[in-house]
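Both complexes below contain subunit A, partnered by subunit B and then by subunit C.
Moving on, here comes the complex of A and B:
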């Protein structure tokens, strides 16, 4: 990767994950590499089925064993490869060092346990604190995620809380053991817009207060713009572009990113219909020669179909998987110099 | 927004929620009737020595075959033993067997069910064993096992528990299979919970509703089945009374002394009816598909 990060905290090298389906093996994640620095906010963006969630789940090794071929590649955290770590040590990492929050706060809490029990669970697992201490810590955590009246809420059951509050509780559970990395898999998708903004604010503040690295997975470019410092765009299991967030929005380097950006409604331009990317994401079992985006790409060239493009460096902290565009950029830079 | 509401303390809310379930149960007619019947039976069984003051096994040949009267409300049997006393003491044994079978099959069934839901490899093995047990009708299986183990109270309990474990296991497994696909199980795993912890802290508590309901039905079946086993001579050995063996001993005199079989028969029917009504009520209130959270 082009990013010269000072000692990445978490590093994924060449991760490939394959699932068994009725039509044979499909590649959900295809040679993906990424790095997350300490305290960094990385956004991963892509359509449904682009492999972004699978990448995230792989970090914590949370696949159904029966349908997954052992992922290849390496996931280095703290000098250890998470893909080969014994189950016991993996459990110590989960929740203790790397935590995760999910998309749907309505089903992410156990209906028969109180909030206190559920926040306390990871504290008791990782820090061995007793029930009374766990409850006290749970109240502090609820205050940290700005749930009013925490001392009372802590003994309630999940069904008494609204969606936004449940997502706050999920965040409280995730940060209970002060993890170094927080993976947020579409944390705001199931919430309404005003709550979305609150949750994002909360996540950002917590990230700065606790010095966590956050990997935010989303399909919403707006969320990325607001939250991430660096963005990775995925399409059909591959990384198509990596860039600092401002650079990506200013000058995308991949036609797919163009498409994503132009699909954002703009307040100052009146359009009857939002532009959409023609076609749909390919069947993951389909074999597409060359660039996987070529069937939908408006600027497809003959060379795109002939050979699979590589990720090419395209500026500071930037890479793109589109040789024609990178060549254009390189030529423009040369003529400017 | 809901956050702004002023709410009572958490303990009060938890207590209130429990109270709500109890109140719903208290307003449920069949639960109410079932509960009263079962409660009366348990009280009668416990207070048996106080109620009659007679020995259920003491024979008094002079009073053989007395029909129901003021002195012997349920009559006497061929040895002159007071049937009211025997039915009351029999309740102790029959209810104990019912309870033991219900608890034993709930514990083992829950373990088997939750294990096979959690470990897919164990699943086919355990479920095929359960299928094999279910292939024979429960009562036949219990007769076979009871005959093999000998006519003792504990062998009746074991035989009946084995016969009812498969159904309980299936119910728990079905419920756990649904639960384990929910996101909070994955969330628990993300928190670093082990499989064992997930099974007992997350899967099992979510299956308690159906498990509890099933256990009340097992209780009722066990009382009936105990009577059937005793009738066939595989039950608790005489002279200790159980409802089943009172009937068994009375069958030779059924035509002349109908009361010997009638009263324990009524007791069995009432107990089974009571437990079934109780179970129905519990199911209506506890079943999450029917539950309206408020």
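Moving on, here comes the complex of A and C:
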């Protein structure tokens, strides 16, 4: 296993999450394990139905109880398993030590409360400060996320702010209690490209200033390349590859990662036809024997369909769920040695 | 060069918006005095951020909304002004529109075959057998099996639904299609398939596209020429290769710089500050002046008009 040198701050072991749907139970997250070190920037990348957001929501136990079967596995933070923590203790962690920001800043903010009330809420709840102190702290936080004219903005309502400003407010709320871990689920997807660049700059600066670990979830390989130090690629509920960011882009080890990287439209060169991945992302309730990527994989072998491949070590801090490719890599390493 | 199939001259679109209860209506200038041509068999990529006016431009072109000022000529017919309705009727079957959201644009209660045949039903004159044959042919054209005609839209993935939307757009053999963000709701692995399909159809049928998108890389993969809009104005227009390799307008330069590349070794310049200005009662000068690193006094008072700096490269900036 690719364990960071120091003990990880947050560790997910063998997490499986299942949902009830009209067509029966579906496995959204299938035996996922990951570690996040202190101050680390981990990227989770995948397309729809890959399980990347469900994995993130599970850390904070934010699923609808009615349609979710109790997740199995463990989520270890500070020596405790978050999956079995009593609700009261979980509330102290949620928004206090582990905070989250979402894709759509408009629907995550309450339209009838001022910015001050919404930032203050988490301070009053977690730190018990009074209303006046909370407002003062809210202004400081708005300055920290670089909202101009913070003392005036703090008393405004969300509809007065642009999308980029709202996402800054969401970030201010998330960092209000100085969390150790910030989970950012598609934080820039709803934003224009020049605003996206501003928010990515801000997240990186804050991560360094506050020493937070950040788990960034996105479908955008460009955002991953810019932000993450280590990357986990997910497909249809499973981790297919984990690698340091430079290694992943230089030499992907899973055919899905290959396909995804080649299919991205290129900004800096003209390429003619893009090499598309054939087929579609599988239906989440579909049962696919063996490797879930095998129906679309250009190098599929008979063994891929017969048995579910394991995630295999493939170099420093690297793992890939593709036995043929890992065997190729191992053979090449042996002949070089 | 042959006669352009689309000619747009000094096109402007205003919307009246009411602010607050009983307040006086304000003027929102969504498209501000833009001009361009589209040559047959080519694709004009129209890029811009939200509120730039790119979607409004697309809707104006196919007659979904009337223009406030200016002239649109399609296939030689001027479809603005007092004969608008009659002129549009003459060219209507040559125009089509492909929408962003393939789920929202297909009726969930209609079978896929009926969705695709709807334009035929409206145009009239198709026998049952011909109609069925045409649906099968269209499905094959967009890479779907015939049998899907009997199924319902919800049974399909986003990419397949977009194929159905394209099949419907092709039903009456259009010559010009406005594609408004046709791949932005799709996953990366689906995007490439749809872009390639649009390229194949263009080759096969000689189609022309106005391809509207916010993703500059997607536009590079399909466009012949690219026009960049900002706050309702067209700031730069050039052949694709020129625009991406030698952009002139400071906004185009900033936009290209801001796109995250799938390359961890690339160091992006710090983000451009500020935000897109309000297009309610726009200021007199250049819309980009407040964010521009090269701003001059003149930019704040005088609106720069597009100037052709070299063959086919127009830029609206006082620097040139």
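Methods note: the second predicted complex is superposed on the first by the 331 of 337 C-alpha atoms of A that agree within 3 Å, B and C clash if a C-alpha of one lies under 4 Å from a C-alpha of the other, contacts with A are read in each partner's own complex, and residues count from 1 in each chain.
We adopt the following convention: contacts are C-beta pairs under 8 Å (C-beta built on N, C-alpha and C of every residue); 3 or more make two chains touch, one makes a residue touch a chain.
All of these numbers come straight from a predicted model, not from anything done at the bench.
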Message: Contacts for A:47 in the overlay, against subunit B (first) and subunit C (second): which applies, first, second, both or neither?
response: second
Message: I'd like to know which partner A:37 touches here: subunit B for first, subunit C for second, both or neither.
response: neither
- prompt: Regarding the shared-chain residue A:225, is it in contact with subunit B (first), subunit C (second), both, or neither?
  reply: second
Task: May I ask you to decide whether A:192 touches subunit B, subunit C, both, or neither, giving the answer as first, second, both or neither?
output: second
- request: Considering only the touch criterion stated at the top, classify A:156 as touching first (subunit B), second (subunit C), both, or neither.
  value: first
Task: Tell me which partner A:259 touches in the superposition: subunit B (first), subunit C (second), both or neither.
output: second
Query: Looking at the overlay, what does A:71 touch: subunit B (first), subunit C (second), both, or neither?
result: neither
Query: Taking the superposition as given, does A:110 touch the first partner, subunit B, the second, subunit C, both, or neither?
result: first
Message: Does any part of subunit A touch subunit B in one structure and subunit C in the other, and if so which residues?
response: 162, 165
- request: Sort out for me which residues of subunit B touch subunit A in the complex.
  value: 1-4, 6-11, 13-14, 17, 120, 182-184, 186-194, 197, 201-202, 205-206, 208, 293
- request: In the complex, go through subunit C and note every residue touching subunit A.
  value: 49-50, 157-160, 187-193, 195-196, 199, 214-218, 220-221, 240-241, 244, 254-256, 258-266, 268, 270-273, 275-276
- prompt: Okay, in this complex, where on subunit A does subunit C touch?
  reply: 47-48, 162-165, 192-198, 200-201, 219-226, 245-246, 249, 259-261, 263-268, 270-271, 273-278, 280-281
- prompt: In their shared complex, at which residues does subunit A touch subunit B?
  reply: 60, 62, 66, 91-96, 99-100, 102-104, 107-114, 116, 121-122, 125-126, 147-149, 151-157, 159-162, 165, 170, 173-174
